[in-house]
């Protein structure tokens, strides 16, 4: 049996997923990316092989994704997060039409066509991007643990509004609320809603249609999910594997590419496409 | 007679204590943190402790800094701009232009001989190119804020950093690191960018020498060097640059006291053993 | 220096030698020209639609000024131009205030947008001793509009005479129109060949070759383009898998050439664009005989390449874009708008709606002339390419 | 202000009444089969359109109303959902958002346009705005091209002739749509009303030369100005300014003013931040600041230097009016205007409110600031926010700037005599 791997080198975490040639998930691993991206990528690959007791050469095809996709030296092809999250989300929730990927620094919304093709996408490239970083800062300012902010915010009595567009200035608004004697829960709730506000705008701009699936590291934050569902007025798909959506999508696309390669049909085309993508200077 | 000034900044709260001859008896600095009231009180107390005096010895206290509307601290409030003008021209009498870089505000101020504010400008509604911008950079690079300047001075060829947005600059830094670019070059680039931002403000008020650089960022040798390079002139930087706002506030307090005004702490708010002798 | 391109033996060498001409915003080649022709004048032209035929006919050297191209350290202009205004306005003012354009004797600013319109007055205030001409481009496509624009051109001709000391004769103008028509024809040929074989005619290279025309006398640029057309066919290129895209929005403030390379690396084969539109904005040659100013006025109002800043009159921008997509067999459209460029940002909304109706894929991003990091744009471009390459919906 | 005065509050109340009636006419336009024309405030040629029986709708005024009524934010977000950038004009986005969510605002329902007249004095954004509306409504656009007013004291005749030619085109289009012939006498009659209202409006503005000024020529004038921009040429507009004039006269006689004690007289350049209008005003009132002249109150047209609509030269005077609204003037002409205001109204300072939405206002303001501070030694305050988008108003920061500015002015007043001695 043949294996195919997807490696997602993100700004904080590097994750990998191994699928077999029938597209069944066989293994997944993850670790902190750290400063040396190549090493992180190699490490998750080795872990994959270890879990399955296979040698790296037994992996037929590797697709890399994430901001470090070009640093995965053993890749056959690199594919962007957006394409991969689309495919990954479809696999997790076949009814997915819209994907919201909330990362530490970037957030992205995708609208998928029936084929799974990314029909429209939008990246949060403005003030107050970086939902993850924003929550980290708020947590720091409030002296609470990042893991807890979501849960805490759910206990809010009267959420405190946070208006500033600048994530950094929003932080000082948080401080002002504390000064004014607002409870940590209420402030956190406000913070989550202020992020949700912007994420919703992002989702709307791609012309969101249900089902909407959350992916990315921050998607596990219950407070944010609640805020988003309230603002969007629909339930959201959240999977325990959602932070693996990128690696999963990469693995599945790797499989598709490998099969195309296998069939003589389009083989040449695929080759040239990969040749076409050199490591940028 | 003693007077005090308390400057509640976005990141740090500073206090200064002066005697009747405007000599600085004590300076204190605490993190502002979440509770502005507490921070102001703590800084004030710290200054008192250092000078070994009690709060009723303080005739008059002036509060300043961004926290002043939420917590009017002391007997009167004056804007940071007024206080920095006052403090800077006290330490460097020839000062005509002041650049103050604090946590999330950057200000350029032009003053006359009387330390009178003639013109001023501030950065717009975003933390671009402020102290917070450097903090973010320090975090990403895993350095201490005060280390940045030192490290940057080792740079051979500064990296070009275009992002002034505090959130995006982190991504840009991460990317440069991923490309194996030396930390010192990234930092040198950052300092250069920040300098550029503030020069825009300085030009608005007119770069009249001497220029005095105040606020927390003034302690960063890298920024100072970048500014001096780009402005082709030396800057006045005081060791107590971070306290200049507080000192200015204290000087306003001194003027009020000199006009015979007496603050609430002094006139019997607190128990005063030798109240009878209290001749203020 | 100014003829070094003549010695180029290959396409790559030609592009390399033209790069400084196209990108050095301190305009060394113009300084050299000025040194060689001390008695003649240099007239700077702010984008987009400046009738450079008039300056050439008056014996001056028209130079298309496309801002700072990310090369100038903004030192003075930040104190004059608010943070929410486009970079080209800022860097153009900077280059003037910092004294990089001492050899530019005058400036013509057309009324392309609110920023440009006010910039004309700001420029006048900061350089009172220099020739500044605000050119009103009519928005009313009618006989009245043509007549008014002809009048504007006549006034420009008179003012130029004050600057150069000689009034451009009708014959000189006709001659000049012929010269510019030739230039447009050659650029048009280059663009058509690229549309046929984009990998043979890389856009990043075309950008540089066309850009050289911003600073060179037209006669010289024409010779340069003839040489380019000859050299371009010969160079071998690897065949590669890519999607054909039309680029829109970059008509005024220009992206760094790296951005175009990133697009091509990502697998976008640009088959049409509105980059540096300044030099080739007539769809057809302007009539070469007859009253020259009328023929230029007619050509501008009725036969210009439509961008977000001129009025379409009876024509439709949406139809125009759809026609281009069809004619170039493009897979999709990339809207690359300069940050804070209001006209481009408004326009893209309507154009996107039209493409949506047709089912033509598109993507959009904003750039700035001063940007140095292209990661997010690379990712968007790659995603766009993948969305077309990996999922064939047929 | 107590009941002892008979005219106080008239200007405000009557304005609300008139605008209410006008919006009522708009709401009923479809029922009454009244043709509706959309156009812009700046240098508008409303009299001509009304002479054909059009009822007029000004998208800017709707945007302004949404701002004041604090509903602009949602409409702007709606427009951004449709793909409009966060960096483009908030007025446009407000209007697109409004139009694409049923065209019902705080002022009631709005009719569809039979004609879009893009009289775009001093603003290219207007063109993009109406291109979008044309797409939305499938309505016809008439492009009234108004040349920018350049340096040079004299009005260029070719500019006027060009606009007149276009007004004749427009008249033909109106006749086509309404089936009514162009009636010069009817137009002249309404221009006579315009002239009368303009005389009174100028008297009101000039009243600010008194000390203390009986009105705030910015914060109040922006309300008083509405009728002259949207109802000009109608008799009720003349009555309104007569009543408003009486209110101002009464204030002058009793030395009533917008602030209890007038401590600073300032000239204000730039539009107001509509979503935060009250707070913004309060920040100045606290310091006893009275605006004695403003440019925004001239955003539609400028009469205080002598221009009047002229029944004897209907199209010519409409053209001259169209060309000479504030944002259609170039930098030098704007500077001269501010210079005059500072002198004639004896201002202590210049306040510039720079708004992100409107580049027509904003670009060049920094040079204005530089000119007045450096070359004229006039204290100048520069604050930034937006006229429509509530997200761009940071009260703490603006308050800080305003306080520091007047703190410094006061400090200088205290030290001035000492310096003199």
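Should a chain be cited, it is by its letter among A, B, C and D, assigned in written order, with residues numbered from 1 in that chain.
Everything below uses one rule, namely that a contact is a pair of C-beta atoms (placed from the backbone, for glycine too) under 8 Å apart; a residue touches a chain by one contact, two chains touch by 3 or more.
Because the structure is a prediction, the values reported are computed rather than measured.
Chains that touch both subunit B and subunit D are the following: A, C. When the interfaces B-C and A-B are ranked by C-beta pairs in contact, the top one is A-B. Ranking all chains by how far their C-alpha centres lie from the centre of subunit B, first place goes to C.
Centroid to centroid, with C-alpha atoms defining each point, subunit A and subunit D lie 48 Å apart.
A straight line joining the Cα centres of subunit A and subunit B is 40 Å long. Chain centres here are Cα averages; for subunit C and subunit D they lie 36 Å apart.
The set of subunit B residues that touch two or more partner chains comprises 66, 124-125, 171, 175, 204. Contacts with at least two other chains are made by residues 67, 106, 164-165, 169 of subunit A.
Multi-chain contact residues of subunit D (touching two or more other chains): 83, 366, 370, 384, 392, 394.
With chains as nodes and touching pairs as edges, the resulting graph is complete, every pair of chains being joined. Partner subunit A is touched in their complex by these residues of subunit C: 238-242, 262, 265-267, 361, 363, 365-366, 375-376, 378-380, 382-383, 386-393. Those residues of subunit A whose C-beta lies close enough to touch subunit C in the complex are 67, 79-83, 106, 113-119, 121, 123, 125, 253, 256, 269-270, 272-273, 275-278, 280.
Across the complex, subunit B meets subunit A through its residues 10, 32-37, 66-67, 70-71, 103-104, 125-127, 132-133, 136, 165-168, 170-171, 174-175, 177-178. Listed in rising order, the residues of subunit D touching subunit C in the complex are 82-85, 87-89, 92, 120, 122-125, 127-129, 131-132, 135, 143-145, 147-148, 150-151, 158, 162, 165-166, 169, 330-332, 334-335, 354, 356, 358-360, 362-367, 370-371, 384. Of all residues in subunit D, only 77, 80-81, 83, 86, 391-392, 394 touch subunit A in the complex they form.
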